[in-house]
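In the two complexes that follow, chain A is the common piece, with chain B as its partner first and chain C second.
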Partner chain A sequence: MRHALVLGVVAAMAAAPWPHALAQTEDPVSAEFDKFREVLEKDNPAELWEVKGEQLWRTPGGPKKASLEKCDLGLGPGVVKGAYAQMPRYFADVDRVMDAEARIVHCMITLQGFTYAELAKAPFSSATRTPDPVSIVTYVAAQSAGMKFAAPQGHPKEKATYAAGKEIFFYRAGTFDFSCASCHGVDDKRIRTQPLPNFTKPEQAIRAVLGWPGYRMTGGVMHSLQWRLTDCFRQQRFPKPDYTSETLSALMTYVTVNANGQVYKGPGIKR
Partner chain B sequence: MKISNFAVLAAGAALLASCATGPQDPRSEALRMMQRDFKTQGIASIDRLKQDELQAACDKYGDNPPKEIATKLQNAQYAAIKWPADGKFLGDWKAGEKVAQNGRGMAWNDKGGVGGSCYNCHQIAPATTSFGTIGPSLKQFAKLRGYGPDIQRYAYAKIYNSKSYSACSQMPRFGHAGALTQKQMQDLTALLMDPASPVNR
Partner chain C sequence: MADPMKIRATLQGDVADVRVLMAHPMETGQRKQGDKLVPLHFIQTISAQLNGRTVFNADISQAISRNPVFAFKVKGAKAGDKISVTWTDNKGEKRSDETEVRAGS
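And then the complex of A and B:
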């Protein structure tokens, strides 16, 4: 009931055009947004997807009619608590580093019998549909709320993946000569009124991962980091990275390790 | 064909950039991943990942190449500028303002029609307060620098190819990349240079 009310407010906000014309250096859009976020965070709409994700995790499904309760997120089969804050990490069974969503998709394939092709066909949320991996990653993420990020760097592949992620972050190419660092490599910059955190610095890198997965007011949908990074590659005028690819896990490794030691607050709200 | 092209270039770039050239060096690892993980989508084709000489040099030197190299790169970029066929730098500032506002173009979900996305990074006309700050303010551009033909030429050159003056500028090379047409660049130059433009009033 309270959820429905909050969602109504959020939907109304999302439908209204942002008052860009008002924005000045002290951006009132951001200020206004922060006010709403405070109200909303007491009753975060992300909880709806968390509940749905937990059901999907526990209920037998897929061609193999299996639940995900045997899925190993890095802390042993079925251990969800704290797993999100310790990813991306190396998984020996696939011999690569995986972020949470990549691992969940892997488990849906191996345990439940889905195919990568069907999961990757339309992997991001729309106004009418939230793909199951997004709900599940929201559930998994919520079980790390209040914990410190501790993406491991013990395995050589974890170190190599961090280093590759850093290279990708700074790789300038494409029609506009952009890299991630063009928009996220210096302090205190904005695109129009949107603030751009500098992910190369630990104290700001946390902003890459805080609040994700996030309920995004624009469109009123739940999105994960897989979506955020993919959409930034679109803005970067690059071709499209494969869903759950190593490239995306490597970038997530780079920003998460940079944010290690800082507290994750759980699924959040994004504008 | 395109993919193998990229592979050859990628390998070349990796050799160029690396101090450590083992199979484990981060740059070749990154190139290997990107080459495998990216797919052409709409107009954003896979060969966009291939760096040109300038992009590779900027990457190699962390956007801060030694002076001789920077100068060489800038001169080569400048020499490739195609100046307006009609000899005029200034078009219609009102049309220029529309181009400056338009942030679309060149992304995989775009069709045709490219804008300059100038307000994404610059303050320009004072009426638009929703502007980005990656680039410096261009408010009063000509009022501060003068309205003469040299400054007109400079503004046009900067829009055509920002790297002709600053090798590793974060600003796209709109003319060089074929993103904006000659007319759009003349209109934008007018937005910055016309005494009647709100930029200079």
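And then the complex of A and C:
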């Protein structure tokens, strides 16, 4: 594992004591990880993708040579600030609930002229390549840092999507007879040393959405929530959901609405 | 072309605290993909300028991590001064970015 090491001409990091570790953690092991994360959050390489994502957002691109500045993330065309914290939400033009990345991909298709097939071909990051939607969602997410999650539930489709997400969350199947809830539906579960938050509870559901999109130090790659939830399906030995599908938006709606009212800290850093 | 750096320069008294994030794969030449070694690809030199005047040149090796952070302090800086950072790697690729020194909070 190669960490984003700080090499300093003058070691600047020794100066200030760390702000107090996150309040959510109780056990000493998690407290250590939180300390570690806090140190690294100060110089999170995720910011590199933020910069790149902003360029991609503003620069005309795709077959139609258009920028994404007319993309409506739910708060009006081009409004990025606060949009991420208020997604997933219902979009009348597609008559479905979309999460941030799904919406960005939709905009890249409609405004810039990309095809879904080319964007969905290899949608997740590797050590050598970060797909553009991942960079863009990192930029968009960063513009909601410090804001409270407020995924809307006013529209009937938003309520229905939440209900669908809940059903998916509790749906047991596969060779392990697993559901998301098997690990994330009860308190005080643990996998190795890693405590597993209970996403059915508001104060723990924030753990599902906090820190995504996130920079993974293992391999040094930028990943989005689309990737993370897709990986949950793999871990459960379920069939792979389609990229930006309603299944993934529904699951995101379920966890985000459960976390509503809590503060989003912006793109994070992951082990 | 290489991806942009993210440079932050904040004033603390007359010292600018500069933190630079660089986007670079920093391949050690020892990582394998399949059975083939991924060739060496790393930043070799970093230089920093304050208003065009070089404040340091650094030679670094492949031992530095992917997407590295580089932090340093510059004495005698004022708000609005220009800090620019340039790196070159072993393939001859180069990237320069510039930022203004901001007053500390």
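As a convention for this text, the second predicted complex is superposed on the first by the 238 of 271 C-alpha atoms of A that agree within 3 Å, B and C clash if a C-alpha of one lies under 4 Å from a C-alpha of the other, contacts with A are read in each partner's own complex, and residues count from 1 in each chain.
In the analysis below, contacts are C-beta pairs under 8 Å (C-beta built on N, C-alpha and C of every residue); 3 or more make two chains touch, one makes a residue touch a chain.
Bear in mind the structure is a predicted one, so any value in this text is a computation, not a measurement.
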Which of chain B and chain C A:128 touches, first, second, both or neither: second
Partner chain(s) touched by A:220 [first = chain B, second = chain C, both, neither]: second
Which superposed partner A:77 touches (first chain B, second chain C, both, neither): neither
Larger contact residue set on chain A - chain B or chain C: B
Which superposed partner A:234 touches (first chain B, second chain C, both, neither): first
Partner chain in contact with A:113 - chain B first, chain C second, else both or neither: neither
Partner chain(s) touched by A:45 [first = chain B, second = chain C, both, neither]: second
Which superposed partner A:55 touches (first chain B, second chain C, both, neither): second
Partner chain in contact with A:202 - chain B first, chain C second, else both or neither: neither
Residue ranges of chain A in contact with chain B within the complex: 20-24, 160, 163-168, 170-179, 182-183, 188-193, 196, 234-235, 237-242, 245-248, 250
Residues on chain A engaged by chain C in the complex (per definition of touch): 2-13, 43, 45, 47-48, 50-52, 55, 127-128, 215, 220
Contact set on chain B toward chain A in their complex: 24, 26-27, 29-31, 33-34, 36-41, 44-46, 48-51, 54-55, 58-59, 62-63, 103, 106-109, 119-121, 129-134, 163, 170, 172-173, 177-179
Residues on chain C engaged by chain A in the complex (per definition of touch): 3-6, 17, 19, 21-23, 25-26, 56, 58, 60, 64-73
